[in-house]
């Protein structure tokens, strides 16, 4: 079982990262039948305002601890084989990927459920904060996340 | 809005295909905030037996029609921006990706829900059939899918 | 007189030993009757599915001359 | 006498004008009291969260000498 958690200021290339994680750790393995992934990407419009860029701040020691905890929690709830969790911090531009969650399991129900759980847990528990710099010149902290259930 | 549906005998490289679909059609777009994907991969063990390879048969005219219908249905249920759906047929070896579903939407709830819906609809409605060739020399048709809800 | 094309897939194709056959028809005929006409000595397995012109149908559905009707087991893709 | 490290993030960091301060303590003190001790003239915004040693806590939770306590607004990552 391989888990990788990474918080980075560098640009995130999610599909390359998934392919690399798989190649590096379990290429050709025949135990996983299901891979579910989620990528969150920066939009340039929020609450009707054009966003020029975003600053993503975090609480490094707690981020690390909390992300590790939610991965352990997911692994205790579902029979996961591998988990990949990556998050950008620093200056983010529209169309930049911000977050990547990928899980590998034997069957699809566990993969789908765990991927969604990890994403919701990350959004609600991990200490990240987004500040939007608007095209208008103003800036503002995002007050809360959009709901994860439609 | 771009939708791509492809059934192929060639090997499927899901992460490359997702990256290419995005680069070719909507790279740098700032309207999608959420991408949910699922990849189904061949395992070498099923119902306690070692599987050497699989033959995936389909009903080409109906596959095409049915996959297009379920994409249209997903697009009517959720505000999807782009949809990618790929499926292997022919001879499949363990660790080969079989199916890829990827959806892009503004928000994560729609992306998660639509990705899972497409996968379940594909498994229950699209006319594909798997025959397993066992290491023992026997071969057998898979009778039914594993459940999608845990 | 027009042709009804009859297709078989997967285990049903192997059961019948062919992937395609046809019958001639002058009017609508039920899907179950199509099976009986082309396979008088083989009972259709209970879990079988039917499609008419590439859309799911039932054994009671009417097949028109010129249609394509397919018989196959439960699908197992993905 | 040991130090309690106090951290602020995001809008609370900007409200206070610093990211870190500290107080000296000889025994356990409630998180709310830590805030009051270091920011006597600023009320903690109602939606604020508290973490002690990088784990979520409440304003009633006790902070021990040597602990790290952080105050921040609702998280908005992902």
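So that you can tell them apart, the chains are marked A, B, C and D in the order they are listed, and the count of residues begins at 1 in each.
Convention: contacts are C-beta pairs under 8 Å (C-beta built on N, C-alpha and C of every residue); 3 or more make two chains touch, one makes a residue touch a chain.
In this text, all values refer to a predicted model and were calculated from it rather than measured experimentally.
Enquirer: What is the graph distance from chain B to chain C, where chains are linked when they touch?
Expert: When the steps are counted carefully, the minimum from chain B to chain C is 1.
Enquirer: Taking a step as a move to a touching chain, how many steps at least join chain B to chain D?
Expert: The fewest steps needed to get from chain B to chain D is 2.
Enquirer: What is the distance in Å between the mean C-alpha positions of chain A and chain D?
Expert: Each chain's C-alpha centroid was found; their separation is 27 Å.
Enquirer: Counting in whole Å, what is the centre-to-centre distance of chain A and chain C, each centre being its mean C-alpha position?
Expert: So the centroids are 48 Å from each other.
Enquirer: In whole angstrom, what separates the CA-based centres of chain A and chain B?
Expert: 22
Enquirer: Could you please state the distance in Å, as a whole number, between where the Cα atoms of chain C are centred and where those of chain D are centred?
Expert: Result: the chain centres lie 72 Å from each other.
Enquirer: Identify all positions of chain B at which a residue touches two or more other chains, and write them in rising order.
Expert: Within chain B, residues 40, 119 contact more than one other chain.
Enquirer: Pull out all the chain pairs that touch, please.
Expert: Pairs satisfying the touch definition: A-B, A-D, B-C.
Enquirer: Quick check: in the complex, which residue numbers of chain A touch chain D?
Expert: 40, 56-59, 61-62, 65-66, 87, 98-99, 119, 122-131, 141-145
Enquirer: State the interface residues of chain D toward chain A in the complex, per the touch definition above.
Expert: It is residues 7, 9-11, 13, 51, 54-56, 68, 70, 72-78 of chain D that touch chain A.
Enquirer: Flag every residue of chain B that touches chain A in the complex, lowest number first.
Expert: Touch list, chain B to chain A: 14-16, 18-19, 22, 27-45, 78, 94-95, 106-113, 115-116, 119, 146-150.
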